[in-house]
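Mind looking over this structure? Questions follow.
By written order: A, B, C and D. Residues from 1 in each chain.
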Amino acid sequence: MPLKRKIINDPVFGFITIPNDFVYDIIQHPFLQRLSRIRQLGLTSFVYPGAQHTRFHHSLGAMFLMGEALKTLKEKGHEISEEEKNGALAAILMHDIGHGPFSHVLEHTLVTHVQHETLSLLLMKQMNAELNGALQTAIDIFTDKYPKRFLHQLVSGQLDMDRLDYLRRDSFFTGVSEGNIGSARIIKMLDVKDDQLVVESKGIYSIENFLMSRRLMFWQVYLHKTAVAAEKMMINTLKRAKELSMNGERLFASPALSYFLKKETTLADFENHGEALQHFALLDDNDLWSALKVWASHGDTVLRVLSEGMINRKLFKIEITEDEVEPERVKQQLEYYTRKFNVSEHEAGYFLASDCMATDMYNKEDDSIGILYKDGTVKDISKASDMLNIELLSKRVEKHYFAYLRV
Amino acid sequence: MPLKRKIINDPVFGFITIPNDFVYDIIQHPFLQRLSRIRQLGLTSFVYPGAQHTRFHHSLGAMFLMGEALKTLKEKGHEISEEEKNGALAAILMHDIGHGPFSHVLEHTLVTHVQHETLSLLLMKQMNAELNGALQTAIDIFTDKYPKRFLHQLVSGQLDMDRLDYLRRDSFFTGVSEGNIGSARIIKMLDVKDDQLVVESKGIYSIENFLMSRRLMFWQVYLHKTAVAAEKMMINTLKRAKELSMNGERLFASPALSYFLKKETTLADFENHGEALQHFALLDDNDLWSALKVWASHGDTVLRVLSEGMINRKLFKIEITEDEVEPERVKQQLEYYTRKFNVSEHEAGYFLASDCMATDMYNKEDDSIGILYKDGTVKDISKASDMLNIELLSKRVEKHYFAYLRV
Amino acid sequence: MPLKRKIINDPVFGFITIPNDFVYDIIQHPFLQRLSRIRQLGLTSFVYPGAQHTRFHHSLGAMFLMGEALKTLKEKGHEISEEEKNGALAAILMHDIGHGPFSHVLEHTLVTHVQHETLSLLLMKQMNAELNGALQTAIDIFTDKYPKRFLHQLVSGQLDMDRLDYLRRDSFFTGVSEGNIGSARIIKMLDVKDDQLVVESKGIYSIENFLMSRRLMFWQVYLHKTAVAAEKMMINTLKRAKELSMNGERLFASPALSYFLKKETTLADFENHGEALQHFALLDDNDLWSALKVWASHGDTVLRVLSEGMINRKLFKIEITEDEVEPERVKQQLEYYTRKFNVSEHEAGYFLASDCMATDMYNKEDDSIGILYKDGTVKDISKASDMLNIELLSKRVEKHYFAYLRV
Amino acid sequence: MPLKRKIINDPVFGFITIPNDFVYDIIQHPFLQRLSRIRQLGLTSFVYPGAQHTRFHHSLGAMFLMGEALKTLKEKGHEISEEEKNGALAAILMHDIGHGPFSHVLEHTLVTHVQHETLSLLLMKQMNAELNGALQTAIDIFTDKYPKRFLHQLVSGQLDMDRLDYLRRDSFFTGVSEGNIGSARIIKMLDVKDDQLVVESKGIYSIENFLMSRRLMFWQVYLHKTAVAAEKMMINTLKRAKELSMNGERLFASPALSYFLKKETTLADFENHGEALQHFALLDDNDLWSALKVWASHGDTVLRVLSEGMINRKLFKIEITEDEVEPERVKQQLEYYTRKFNVSEHEAGYFLASDCMATDMYNKEDDSIGILYKDGTVKDISKASDMLNIELLSKRVEKHYFAYLRV
């Protein structure tokens, strides 16, 4: 129906066309609309003020790229039915619906026992029930149960549309322009061989560049030390809020946030359209910021100091080092806080965080990028590249950090 | 102190350097940080999903342009002291601190008796007190009491850094790339003559283009019918919430929002660092979205339907017309809603809105853009342009709209 | 045949796909390849060093936009056969093949009696003969003899793909980014009504912006005074070279250039694949620059001074004024040159130029832009726009210039 | 003097300001102006039609970056006098003046015994004589005789302004946007330690990205197989033209080109403002294209076929392989051409080319990129990077090609 045809202006890709009503209705669903209230990069905007783009916007972009990829594959002679196309578009649109606000933060605090992929699937199933099964193909593709497995790889794999969009989009909105991965060129090089997504051999330099840009984005953006500091502070803030709540303290919070502050949930709470899932589906960035502002004048010293720091950008100071922080240093810092704030050592512990952060960007066992040669043979990029040392690229890089309240 | 020197990545201008500690400390002030939780374009992201940029980011951009403009003017021989430079940078940084979330919405609902410029000034004065008078020059420039009046014009005038930044930035983040105003070229053409900001005559085409791009942005973005529909719906939602609150109904809301829901404030409440000002300084987008989500399951039909519409993008349908809507049509629509929702006619009134929206972009009496010729004479752009009909451009364009709930 | 399928990297539009062999073969034809040696903006690169893009590149871009426009129109239900599509693509690809190097310069000097549109048609006919009539539809569209007249309007009209590409492309390569016309948005708004190309009413602001950007590009780029000065100097140089040649002087020149220096050609010389046409088809920017460098050490003072000025960027000084230059001033300047260079007054005349330059960008009689309303009515933009004063826009703007050798 | 102050529009960097008359006069010198007639990427525009940018434009861009780099270093406390600043700006402006048209082609054909760096120096010395020694500091910096050696490294080294500009600019004009190297970020990270240009440790990811983008640009652009094919064809064309000329055949050519076709020059011919240098200073792209067009109808089969191929884009077919082409295959191909064109085997040899092309992008002995840590230590990037395998990056990559006429 023409009424629902829409063209969306996207500063990254120009115009994104919503191809049909089926897709339109998914986009309009509350679970998708909720993503428009969750920022893709969470607290990274403390470092990159332009990084305010939402998971909703990212999902639209990934859908656009999926459309481009499917068009390319069809032009190269691979059969993709209308049903499959819609399934792939729906799958990529919905792939992130299980994300909560500040995703990693939540997984360490309020929703500790269930991963976002699991939540995505639970929410998809609920949508599928509402839509009388219309999403079954999408769910099969998402869960890799669909026979044409390359469709799943377009949704989730080393070169999926998720990554191609978020790297491009995060590069655009942060202004880290050298993170540009050349998504259009990569998509034009995609092909399918033996039901595996592969890249034509002349695209090898684009793939090398993609892997390196991704690495740049990891260290320059995703693991930027100020963003990590903010995340650790947020985690400690929520942990304290939860501790207080579990102990019966009343904290200002929306009903959805309140639910997760007061209860240690398990998978069972989410399953079968459970209460936890319904609350989760209402949770977004706003609940947390709203609460933090109120908590910033709470009676509990720890909660107040941390919340006020989050609100007014007085973030943890952070040091990144090769080695773990000396226990002695942690001890001294704790003592300092106990005196300074007149709190217990347990409470003082909320004012610091130390651990290691790691990145292994290319996992050569699990996924791999196949390079297709003109003679029909396929080599893994780690073999095909005459330069990239995939051994190194797949090496787990670990760095230690020590983050602590500035006073 | 080098510790506080910062370079900020901006996708619009590349890199923005914070020039000194004085400026750094303003940026770090809670009143400025609050702007990082208020979107520049409010509900426009319903139409342009990329338009998530904040007033904080805009303020940084305007500061950057101010630095560029001052550099240009100094190179052209105009004396600008370090004190004046800092004053101008501070003034433009703070020019928006009086904005609330969804600025126009609030002015029609929760903060009806005080304009944002007044609030900006009140907040500046409070900051000035905290900073022992260091902001006096900035405030004098902002209020046009500083002797060099061109500094005020850089902050507020037809060609101020506010406009140059927001048009450029809004164009960038919406993806309406043809709204690009060429800010760099305009700034290079700026000069001062008889203490008035003027533009070199060879910049006349850039000014014409600026005026037309601005017009494009007005109709394509700022007055986009879907954005207007969302705004009207938000206004009615908040009006209903306030009505209920004033009548003693308890609604979920943060303390700051609650304050304005329950009380009809006047200027007096804000003055002298009053309670209203302190609550206002804690209000941002999050309070409203957070509340709307809870209200979407409230017992009051009107509040519930409107809130749920806002959250799930079931916005008012809107018609833009030359003429006012027929009273008969409004009446029929009201009757329909009273029956449909079993509400009173007064309550049904919340489900629609009609009025006229107007734009007079160029007010040739109040402000004007002087064009400086090589012989030293200055002509107003309305005389200087051989093409632009400023009579027309300054004509108030009015359009009527009729917005109503889709059911 | 897949062998000839090609994707071309375009910094303006991303990737341009050559859709089929028919189109590929046109692009590979020597007449098209020649355009890769003719710069779109001629001498404008003296002002904008990035403006080196060729007419070949522009033709590819216009073809890309034609493909986009046809796709849009088909999606809106207008029937366009494969034959018609290929015809339109071929027509826009070939629309500029009649351009010589420094087009306006040549029309005032070496090819004075035949317009470039005529030459384009003659060359198309020769190509058509070579290709056994395969270009007949394209030629019919180009000459407006094809029944579906909107196809011609896409090639040549107020909103043709030629303009949409060159304004966008010239804006891009000059770096005059505010000249960006939003070609993608305009194309999405195109429709056909009663066999006329029209624009949907919601695209009216884009059209206003397009007209104003075009105006900006005219004065900021196409009629930039330094570019005009260079053009006048080039014209005088070639006129002198031709005068000398006609008088039997031997000048270094390629055979093609030599032909036009020695002979006053008429249409008859070009027709029927005549000698003039064959020489013309070999003429490009290189012939002229190559000759100018040699002429810069020629014995004739006038030719030497002018050529050396062109090569080493010692261009005419130019003054743009409302009124014509005073005859007395011209006289004095001539006298100065006769003494300075010891030349006759006739010869001194080559060291200056004065005339008026005009622009009437919107000719409301000949072409017009129809705006299509939802009720099916069409209004001309001059009526539809509530702001643009088309009377003014279509007013011929005239400026006088006086250009003369700096010594 | 304000008269000579100029702002140049650059689509890559926005605006480039010419800082003073000294720099302005260098830019206006015929040796610099000549670079505006030499394309930066030579024949690469056969593949990337946007790649028409000139060495002149590149030189302006490199000068802009030099200004930015010097500003950064001064802000970090390094003393750089006005004299040194001007010297560095002049040195980078002039660094390419020794390039001829299609630089690599010429070095294999017409100017075989003198490298472009040598020619640059000879031309600089001539300019210096004309300017009464004003360029001495620039020349000292260029030749690495100036005491502050980091100034030389900014002109010529692993991270010089030459590379930073050309990679950025070539990426921009080809449309290979993922080759973007983030020049602004790298420049902000530059520092000097013990008179060596170094990069702050937090810039390490930018450097890794720079090295990889450079690699991408090498294979995707500089060594693109079609560009290599064009280059080989051009080399063979010029070799044949020279062979014929040396044998007394008269070929159409400008005097400058004619000089090099007829004479095997040595360094002695260029030195002391010699005849060869004067001719060289007049040679540019136009001479070659102009001649090729005439040669395309020359009586000599080899010259005619090759020239016509160059003009009409009927380029050599090229195969890139791991191993050398089989001698037998070359032999068969030669026999085919001798029969086909009725030429000798020696002549048939012009219709093909085979060799290896190599790239060793990072030479860890000669240059290196020092990474400066906060404790003041400096490590080479090959040690500092936890990922990049510089052993691999500095490994010479060789590929074989076999290029031959398509008939």
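One rule holds for everything that comes next: a residue touches a chain if its C-beta (ideal position, glycine included) is under 8 Å from a C-beta of that chain, and two chains touch if they have at least 3 such contacts.
What you see is a predicted model, and the numbers here were worked out from it, not measured in a lab.
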| item | value |
| --- | --- |
| Most distant chain from chain D, judged by the mean position of its C-alpha atoms | B |
| B-D compared against C-D, more contacting pairs | C-D |
| Centroid spacing, where centroids are CA-atom means, of chain C and chain D in whole angstrom | 31 |
| Whole-Å separation of chain centres (CA-atom averages), chain A against chain D | 43 |
| Mean-CA-position distance for chain D and chain B (Å) | 50 |
| Residues of chain C whose C-beta touches two or more other chains | 14, 176-177, 185 |
| Complex contacts: residues of chain A adjacent to chain D | 176-182, 185, 205-206, 208-210, 212-213, 215-216, 219-220, 386-389, 392-393, 395, 397 |
| Partner chain A, residues of chain B touching it in the complex | 8-12, 14, 28, 30, 33, 36-37, 39, 45, 47-50, 52-54, 56-57, 60, 172-177, 252, 254-256, 282, 284-287, 289-290, 293-294, 311-313 |
| Of all residues in chain A, those that touch chain C in their complex | 7, 14-15, 184-185, 188 |
